[in-house]
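The structure appears right after this line, and notes come after that.
Note that the chains take the letters A, B, C and D in the order they are written out, and that residue 1 is the start of every chain.
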Amino acid sequence: MKPKVAFFDFAGCEGCQLAVLNCEDVLLDILGLVDIVEFREAISETAPRFDVAFIEGSIHREEDVERLRGIRARSTYLVALGACACIGNVQARSNFIAPAENFKRVYGEVDRNQAQTDPEFWPLWAHTRVRAVKEIVPVDFELRGCPMVPAEFVHLVKALVSGSIPHFPANAVCVECKANENECAFDRGETCMGQITYGGCGAICVTNGYRCDGCRGVLPHANLAAHRQLLREKGLSDALIQNRYRLFCSAEPLGQEIRR
Amino acid sequence: MNVTASASDTTLDKNLYLPRMATILAVEEMTAREKFFRVELSQPLGHRPGQFVMLSRLGIGEAPISVSCGPRDDTILEMVVRNAGSLTQVFHGLQPGQKVGVRGPFGSGFDLADLYDKDIVFIAGGLGLAPLRSLIQPVLAQPDRFGTVTIISGCRTPAEELYRADLQSWSHKVKVIRLVDKTANLPWDGQVGLVTAPIAQLDLDPGRTVVALCGPPVMYKFVLMELDARRIPHSQIFVDLERRMKCGVGKCGHCQINHVYCCQEGPVYRFDHIEHLPEALQ
Amino acid sequence: MSTFLIRKDAVPDWIQRLARENAVYFPQRAGQSGFRFEPVQEGSEIQFEQYHPTIVPPGKKLAPAGEVLFQYRREGEDAVVEPVVDASFRILAGVRPCDLKGIDLMDQANREGCADPHYLTRRANTAIIAYDCLTPCDKACFCDATGSLRCRKGADIFLTPVDEDVLVEPLSERGLALLAGANFPICGNVEARKAKAEGGRAKPFGRQFKAPLQQIPGIVAKQWHSPVWEKHVQQCFSCGSCNLVCPTCYCFNVQDDFDLTNTSAGQRSRTWDGCMLPNFAEVAGGHNFRSHPADRQRHRVKRKFEYLTKRFEEGSFCTGCGRCGRQCTAGIDIFDIVNDLVDNTEATS
Amino acid sequence: MKNDTKTYNIDVHHVTRIEGHGNIRINTRAGVVEEVKLCIVEANRFFESFTRGMLPQEIPWVVGRICGICCVGHQLAATKAVEDSQGITVSPQTVLLRKMFNESQFLQSHVLHVYFLAVPDFVGAPSVLPLASSHPEVVKRALRLKKLANDYTAVMGGRVIHPMSNTLKGWRKLPDLAQIEQIRDRLLAAVPDVLETIAIVKTLKIPQYERETEYVSLKHPDEYALYDGDVFSSDTQKAVPVRNYRWVTNEFTVPHSTTKWSRWHRDSYAVGALARVNNNFAQLRPEAQGVAETLGLKVPCYNPYMNNVAQVVEIVHCAYNSLAMMETVLNGGLQAEDISHTPVAGRGFGAVEVPRGILFHEYAFDETGRCSDANSIIPTSQNINNIEQDMKAFVPQMLPNMSKEELTLHMEMLLRAYDPCISCSVHMLDVEFTD
């Protein structure tokens, strides 16, 4: 029996689902091993139950919470697909701004109030706070990164179809920088979050001349105090360090008190 | 100016990373977490008690697994595998007729000659009985060569006891003490308590007693305290240690205990050889 | 074997000629200040004297970050397993004495006990052209302190700069063969020139330990519960960079994989691992035998100066190349750790 | 055939095979259309709010996350806007590389849309997946073309989705010439696949509906405007500078959509492939003009379903244009450029054409060089109003002759034909149809 696989999207850019479609070389092979029963970006079908549900996107509203709970109840395994689902991603930065202020900046005071007067559509506007999937339902596996890494997706699919358990080592991005013989971003005068960030991406940003901004989330053993001190020594103000840690919201705890 | 490539280094007679394929003959469910495997090799393993093999399923992975049967002339290898993760979960799904890869045997193991004429106490905690069985079998097969034999085997609940039939048949020949931490409302014909408890009651002659010990890391400290109380010299205690292993031959570095490699000098150690190593019994 | 003498500016041309017929690796610029051993191509820059030690040592060309151990194909349950061994010929040129030492130590580790076929086959097919250092590379290295500076072992050809010339010394049959068509003039008074080179060598040569090297293993061995370990992990990220760039770190992980197109075929491969990485000593079930960073730092240092030195009867398994200190973003330097251990022994004794 | 008693209550939740969350709601009673609503139910992500405080260099990188499908376009529009605010002008080399980068995404997005999202509709398949067994050669060709386009993007930008090589002033790591050469060779070899694509699209039965529409796109004096130009309207035949984009978009909010809506000279306007082809037909490469003719696309064309045909025309245009640009790069080589920049205060505007239409970004930075204001108007939020207008016009026409299912499918197809990218609706609601 081929495992039934479904994809669901919440608030995100849908790049992770696209990354699945972008596995051109192996897409047909994957289709030979699993049955994709829901995938809104590519197919129209829907299904009552599945073995693996991939959740893309962060969770913002009550109606999304309900939908997510429903999906969890219908699936054996649940996989958080990409940074939005795993850590809230860039949009979680809005958690540090009061909701009314967010709405005001995007829609303007008048429009926003007017839009929210229609009771029928009110739920659409009922934004609470950006949450990662694991803050709401148990998550079995996380495919980290913005976007997720196709090789890790393939590894997960292989493990699940062979009855094994996928492994995602909790090592820093630096490991892959070294494997690629990259010049360390710090040696280029940059500052980098690679040392405190989950590897698995192949250090692709540093390899291509950028730095690591932490889209894969902070490691469980991350020495944040040392990192903060290092960035200070490299001349970053506390405000800029905070800005950096909140770019992908990886080094700031999610769901923190909203500050004005 | 061009130098031709030489095929390989002369020191290499065989490739140590290549597994030999073995066929599963029987799989038996022992407990909810452990399965017994009997596999047929292409040639006799030629192992010593206490050695292990690197067992693999091609495409899934490889893990160290203790040999659970005594040395034998035929091509049979017996093992117990606990479902502990990605690879062992796949082993649990295998059926007779399917093939697994085997490398080894690796490790030091026990030297039977060291034990001749000694009284032997086996102390096994949980899965520790699996490797000890590779020593119990040859010892019980030649009772005249050894003194008295005592087997203490403990596990958490009756449902987790391994090799029950073996323990029962051994108990006809030697003293066997079976314990559980708690009965968990299951029928139980052994004792309740920790494996340390019976040690005080044993009739031990420190001069001629040898202890073979294998179990989870937490067990060692307490058993060794009991054995000290009974004045068993550390040179007569053998412990079987577990570390992460990726090669089995002292290359991958994972199994190092201070300067010694568990896969080479171990996993069976004479206690006085390692007691000074701070990493040995953490 | 006779020694040859050529002008410095003839060296790049010679390397280029070798590269036309062989895979020649030479340090080339990577980024703003880094260097990498990369295949020499038409137009590659060959700068013997002015390169900073490479990010990753040349010895890692013999044990790459990831390599396939074997491939398999299953038909039904029967499997054909075929080892993948790389027996292609390559030349590593521009190897520094410290890295020569690193390769020598790796040779020993891979020969010991069960010989490693993958490493040793590559090694057997690798020629090394090494180049002496008359001044320390930078502030990070300490190769004289570890006794690597004068390493010649393992080189097929050894180059020593003397003023505007270079002594070209074949040290093996293979080295001689590589020089066969070069038509280099034979050097007279070799010893005098070598002495001249030696006279020009910086003194002291780079950083020196606070105790003689012979005492270091003993000093390191004495310290288990030492505040030094804790001190040197305060800022540590457990990123493993220090392991991965070290010429004498060779730990690895092994994993299997199968093909998606043909699920009955696949491979087993290994990748670099490092004892500073947090899960290195974790076993199934979750117990970690070195759960604290200080446990791991101690293990790393003891491997370099106590465990492996004892096992292989070597003075030091740290070559003093300085890479770990250079690459550590936390500024942790094994040289400082050793000196702190020396101080700590003196303080406690 | 008129059936006065028809009462439909159609509510298509989460229309599939579009990117983003849209619902269609249609309410008819006794043959009279009472309500047609396109509800954008996408949750807010507040990009325009949370980008405040970021550094200029971080903006393009982060706002690329607005949409994974148009991430290149978002990066480029934002890069241009930020550069405008910082007083940066870039070298011809950088402009050339950016144009290649942008066109790589056109190829990739159009191939994905035509094959994965639109073709199944026209052949009556529920999705591309069943086609994998029924029409394997089609799917394989689609994957081949898509992979080529993706590899092109990756060579230019470092990876396909959220690439990292492009930044202010130029490239963090220049594309590798050898790789560009490979892409060129593969693109040349892909001609048969492109011809087959044209052949397939020729066989599709495109619904015949027309509604005169205002088409808005960039326009450039010298080239088919994709990377640069002024904002042009087909109604006035005039263009306004990008910095005055607010004259064009005139955004307003409706309750049933988390995205804001737009209108210019009339109730709504359309952007996208059809708008561009309509406005700039003469500047298409001759090969693309030929394909338009083959596929029966005559400008001006007012049938929104023809957008898919316009996409194929643009695939051909971008392929040939890219080949020419690759030649230039391969002949001239690439020089490393200084990309260092110290942030300053300022406000800037940027627009590019992305596959779905014209995309505007605007940023302001305070004296500390950190972002103080942001605005981004995406093509779908400009189109969404027009889609609803189309629906309002078409439903009464179709109602007499169609079952509820057919009607639903045609509305979904219409929505999909626009290739809406609702997820990138920085400020976009959901679309839904109910009775």
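Quick note on the criterion: contacts are C-beta pairs under 8 Å (C-beta built on N, C-alpha and C of every residue); 3 or more make two chains touch, one makes a residue touch a chain.
Just so we're clear, the structure is a prediction, and the values are computed from it rather than from any experiment.
Participant: Using only alpha carbons, which chain's centroid is the nearest to the whole structure's centroid?
Facilitator: Chain nearest the overall C-alpha centroid, as shown: A.
Participant: Between chain pairs B-C and A-B, which one is joined by a greater number of C-beta pairs in contact?
Facilitator: Ranking B-C and A-B by C-beta contacts puts B-C first.
Participant: Please identify the chain with the largest separation between its CA centroid and the CA centroid of subunit A.
Facilitator: It is B whose centre lies farthest from that of subunit A.
Participant: Using CA atom averages as chain centres, what separation in Å is found between subunit B and subunit C?
Facilitator: 38
Participant: CA centre of subunit C versus CA centre of subunit D: separation in Å?
Facilitator: Those two chain centres are 52 Å apart.
Participant: So what's the Cα centroid distance for subunit A and subunit B, whole Å?
Facilitator: Computed from C-alpha means, the inter-chain centre distance equals 44 Å.
Participant: I'd like the Å distance between the centres of subunit B and subunit D, where a centre is the mean of that chain's Cα atoms.
Facilitator: 64
Participant: Of all residues in subunit B, which are in touch with two or more distinct other chains?
Facilitator: 59-61, 85
Participant: Which positions in subunit A touch two or more other chains at once?
Facilitator: Expected reply: 162.
Participant: Identify all positions of subunit D at which a residue touches two or more other chains, and write them in rising order.
Facilitator: In subunit D, nothing touches at least two other chains.
Participant: Which of the chains are touching one another, listed as pairs?
Facilitator: A-B, A-C, A-D, B-C
Participant: Report the residues of subunit D in contact with subunit A in the complex, numbered from low to high.
Facilitator: Listed in rising order, the residues of subunit D that touch subunit A are 14, 16-21, 39, 41-50, 52-55, 58, 61-62, 65-69, 71, 112, 116-117, 126-129, 132, 139-140, 143-144, 146-147, 150, 158-165, 167, 171-173, 252-256, 258, 260, 370, 423-424, 426-427, 429-430.
Participant: Write out the stretch or stretches of subunit B touching subunit C in their complex.
Facilitator: 1-9, 11-12, 15-19, 21, 23, 56-63, 84-85, 88, 97-99, 101, 217, 242-244, 246-247, 249-254, 256-259, 264, 278-279, 282
Participant: Touching subunit B in the complex: which residues of subunit C?
Facilitator: Counting only subunit C, the residues touching subunit B are 17-18, 21-22, 69-70, 72, 74, 77-79, 81, 83, 85, 87-89, 109-118, 120-121, 123-125, 127, 174, 177-178, 180-182, 224, 250-258, 263, 266, 268, 270, 273, 275, 280-285, 287, 289-290, 299, 302-303, 306-308, 310-311.
Participant: Using the touch rule from the top, collect the residues of subunit B that touch subunit A in their complex.
Facilitator: 59-61, 85-87, 89-90, 93
Participant: Taking the complex as given, what residues does subunit A use to touch subunit C?
Facilitator: For subunit A paired with subunit C, touching residues are 26, 29-30, 33, 154, 158, 162, 169-172, 174-175, 177-184, 186-189, 192, 194-196, 221-223, 226-227, 229-230.
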